[in-house]
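The following blocks contain the structures, represented as structure tokens.
One chain, chain A, links the two complexes that follow: it is found with chain B in the first and with chain C in the second.
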Partner chain A sequence: MSIKKVGSAEFKGWVQSLIKKHTVYGVQAKEDRFAFDVLDAPEDLRLDYDVTILPPKKYIQPQKEVLLTFDENGVFESVMNEESFLILGVHPYDMVAISQMDKVFTKDNRDEHYMAYRERATIIVSDVQTASKDVFAGCMGTSTGEECSGHDVLLTLLADGSSLLEAKTEKGEALLDLIPNAAEPHEGDLEARSAIWESNRKELRKHELHVAPSDLPELLERSYDHPVWNEKSELCYACGSCNLVCPTCYCFNVQDDFNWDLKSGTRSRCWDSCMVSSFAKVAGDHDFRPLAAARYRHRYYRKGKYVPDMIGEIACVGCGRCITSCTAKIANPAEVYNCLLEKV
Partner chain B sequence: MTITQEVSTKVKDIYLPEPATVLDSRLLTEAEIYLRFKFDDPKPHDYKPGQFYSVTIPGIGEAPISISSSLTRCEENTFEMVVRKVGNVTNALHNLVYGDKVGIRGPFGTTFPVDTAMKGRDLVFICGGIGLVPVRSAIHHVLDNRQDYGDISILVGTRTPADRLFVSECEEWSKRDDVNFLETVDVAIARKPIWTGPVGVITTLLPRLNLDPAKTTTIVCGPPIMYRFVLMELRKLQLPNDQIYLSLERRMKCGVGKCGHCQINGKYACQEGAVFKYSDIESTPEAI
Partner chain C sequence: MTKPRVAIFDLACCEGCQLQIVNMEDDLLNLLTVIDPVEWREAMSDQSTIYDVAIIEGSITRQADEIKVMEIRQRATYVVALGACATMGGVNKLKNNFAIHDVKKTVYGEAANMPHLDTFTVKALNEVIEVDFEVHGCPIDADELVHVVKCLLSGQTPSAPTHPVCVECKMAENCCRYEYDELCLGPLTRAGCDARCPANGFWCFGCRGFLPDANFTAAREMAAEHGKSLEDLESKLALFGSK
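Moving on, here comes the complex of A and B:
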């Protein structure tokens, strides 16, 4: 696979050609923060962003997604995404999250609805240029383009204002072909990129985790009755914000909606939140996880034990969104996991 | 090379229900309805005792419902359910009549081990309330292959005489020489229907069993509160935990181990359950 070096003007031209050919979702300013949205012009692209409000997961597992149509005669028809699209500027930690989703949705029962989005997505990862205030990807081994997989192109901005573009797949190669007379990088450029990675590994550690991520399942194994679950959850509003901003949360609810004819309709799934009190409640009002502390603990066990037991990877990528979004300031995974190290 | 990848249109959609038609519906009690369905597609549909289907009422939603029948005596491609009226979907299921259409996904979940661990063993079925519904599938299977099993005890506990399910079947079982059938109700104050049998919770029946712990396998299904007390009694009877099978209810939205709702700690009840061997979950705090 090839690596190209492009100047800032060339880069703009390339983005313009991507916009012409594809539906491009790129990072843009949204008031004083950043969000992925449809990119209309290269000038709107903000690869210097720190973190987006929602992870790019929203294009692959949309907030609300129609699964099927039904009618009163019992005719059900699958609805699958048919649109191709390109996501431009995904940070490495978010890419790690997407490849984890690939595993959970293909393991055992393959989810074709998820795959209909995933297989039509082209993803350009961008190395982080600005560290967000709560990022700790450096502790999770998810801070650089070197540490993620599943993307089509890796983009790294160098100090001289030029960008290195590395194709990771055939699809990515085809995108690089759109740049006329792109220069080959010098060895020094690749060294510069390695230096950026080295620096990001150190810089993207706004919170320190005092345990190796790979030791988290074992740590949690012996922390089920730790007082931290009660202490923190006493302040929890059960609002579910930590779930909604999380790139590795994928639990969903399913609901039916009638069309105006009241005979046919659609079934959709939408993001759900294990912190919300109704999550494990069944008809008849029996609640299998009624305590906020149990729901709070469940979420950390999902990230550090249950999902890792399933896919072999820690399901927290250190993006820090939950830390920023939590009103009660109780959702810092690094802080919670560090607490577990303390003897009680 | 273009960005668009060809994706096969012939994919298996794990969320797509297939149509089935109501053959029969009748109320068993005020709150419980018996339903018999037939798949519209004539291809054979296999299910095992203990499994469940996700049943769709178009526009209302989908709910996981235990299968109550056994293929040993059910007409091909048909299955039976008994549904208590408690939520949106179950209320809508109560309105079904002959010819109505539903959507079915499944069967999902683990099974009562009628072909493996239960074979050759003495069996005790402990059913509380609508816990009898899924266990009935195993009881039918076992009675239809009677020679494969040792002594059989069936214990049924119901809140009041008016809530009793499968009354005529229970009477049949109680008359069989090769079945030890015991039944109780929690309270019997109403005049009708007349109840002359034992009164008390289901655990009061257990001391009446004369069982050999080394030869016995137990199937337990009932409301969440029942498990704790039944398990305590079974421990007194020295039944080993790996010979106790429980069917656990949880909220389920997908049935295929994705949506997250049914998790019991790290276990997906829809995939690793709903029938669990007790020894597999005794150290799982959220299970019982």
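Moving on, here comes the complex of A and C:
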């Protein structure tokens, strides 16, 4: 696979050609924050962003998605995404999360609805240029383009304003072919990229985790009755913000809606959150986790034990979105896991 | 299928929730294919005492209102409370924070003791009669009413969300109002509005009512954290949270 070096004007021209050829979702300013949105012009792209409010997951597992339609006789037809699209500027930690979702949604039963989006997605990862205030990807081994996989192109901005573009797949190679007469990088450029990776591993550590991520399942194994769950959850609004901004939360709720004939209709799924009070409520109003403390604990077990037991990877990528979005300031995974170390 | 006879009534309110139904436009015609409206002051001149479903907006502020809703309850198979005034008293309940004679004197002046102005403490519909379904909000979202109607007609139990506005606010990828040090009531308030106010740059006013398990302890601590006084918080909570 090839690596190209492009100047800033050339890069802009390349983004313009991507927009011409594909539906491009790129990072843009949103009030004082950043968000992925349809990119209309290269000038709107903000690869200097720190973190987006929602992860790019929203294009692969949308907030709400119609799964099927059913007619008055109960005959149903699946609804599948058929549109191809390109996501431009995904940070490495979010790419690690997407790769985890790929495992989750293909393990056991293959989720065709998820895969219909995933297989039509072209992903350009961008190394982080600005650390967000709560990122701790450096602690989780997810902070650089060297540590993620599953993307088509890796983009790294160098100090001289030029960018290195490395194709990772055939799809990525085709994207690089859109640049006429692109230069080959020098050895010094690759060393500069390695230096950026080394720097990001150190810089993307706004919170320190005092336990090796690989030891989290074992730490949690003996922390079920730790007082931190009750203490922290006293201020929990059970608002689900930590779940909804998380790139590795994938739970959904399924609902049927009738058309006006009251016989035909649609079945759709919508993001759900294990922190909200209705999440574990089942038939007969039985509730597996009626207390906020139990739901609070459950979330940390999902990230540090249950999902790792299932796919062999820690399901927290250190993006820090939950820390930023928690109004009550109780959702810092590094702080919670450190607590388990100190006070058992 | 025989179309159910539906009557829409109004008590003390701005009638904005009824207006939301009139404003349904295309969907209003669809609605009329499944229900038979027999009384609806804002949209038709007919009246009726025979109906299957009563939709009531507004809050109860006079004895005459109490008698009226008890009659409606006897006649209707289902009673639906429409909008914040009906589901929880709405902004009208601000009145309950003051002595009733002061309120009457301030509003009606010398006419305060006229019999037709004999108002009392504001009550929500469910404080007087049994209510089968509630459509929350100030004003209501017509789509939610449509959901309730479709559920009733297809034998399902309609349900309002039991999680806070933050859920829908995050899904809409809005900037959190707390990042601007605003006292947003979203973390305490029942969702179902698609976080319309925060999406337009306003803090949540709490018009869909506070959740039964709303964490007011956290709300007080977070007010202080964002440099707001308890009075700031209480005054915001009073708008849709007065008893």
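Here, the second predicted complex is superposed on the first by the 340 of 344 C-alpha atoms of A that agree within 3 Å, B and C clash if a C-alpha of one lies under 4 Å from a C-alpha of the other, contacts with A are read in each partner's own complex, and residues count from 1 in each chain.
Going forward, contacts are C-beta pairs under 8 Å (C-beta built on N, C-alpha and C of every residue); 3 or more make two chains touch, one makes a residue touch a chain.
Computed from a prediction, not measured in an experiment: that's the story for all the values here.
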For A:S268, select first, second, both or neither according to whether it touches chain B, chain C, the two together, or no partner. neither
Given the superposition on chain A, which partner contacts more residues in chain A: chain B or chain C? B
In the superposed arrangement, which partner chain does A:S277 touch: chain B (first), chain C (second), both, or neither? second
If we overlay the two complexes on their shared chain A, which of chain B and chain C does A:Y306 touch? Say first, second, both or neither. first
Kindly classify A:S162 by the partners it touches after superposition: chain B alone (first), chain C alone (second), both, or neither? neither
Is A:Q63 contacted by the first partner chain B, the second partner chain C, both or neither? second
By the touch definition at the top of the document, which applies to A:A294: first (chain B), second (chain C), both, or neither? first
So, A:F258: does it touch chain B (first), chain C (second), both, or neither? both
Which residues of chain A are in contact with chain B in one complex and with chain C in the other? 257-258, 262
Would you tell me which residues of chain C are touching chain A in their complex? 30, 33-34, 147, 150, 153-154, 161-164, 166-167, 170-171, 173-176, 178-179, 186-188, 211, 213-215, 217-218, 221-222, 225
In their complex, what parts of chain B are in touch with chain A? 1-5, 7, 11-21, 40, 56, 58-63, 84, 86-90, 101-103, 224, 249-251, 253-254, 256-261, 263-266, 271, 285-286
Please give the residue numbers of chain A that touch chain B in the complex, ascending. 21-22, 67-68, 70-78, 80, 84, 86, 104-105, 108-113, 115-116, 119-120, 122, 170-171, 173-175, 224, 250-258, 262, 265, 267, 269, 272, 274, 279-284, 286, 288-289, 294, 298, 301-302, 305-306, 309
Touch list for chain A against partner chain C, complex: 30-33, 35, 53-54, 58, 63-64, 234-241, 244-245, 257-258, 260, 262, 271, 273, 276-278, 292, 325, 327-329
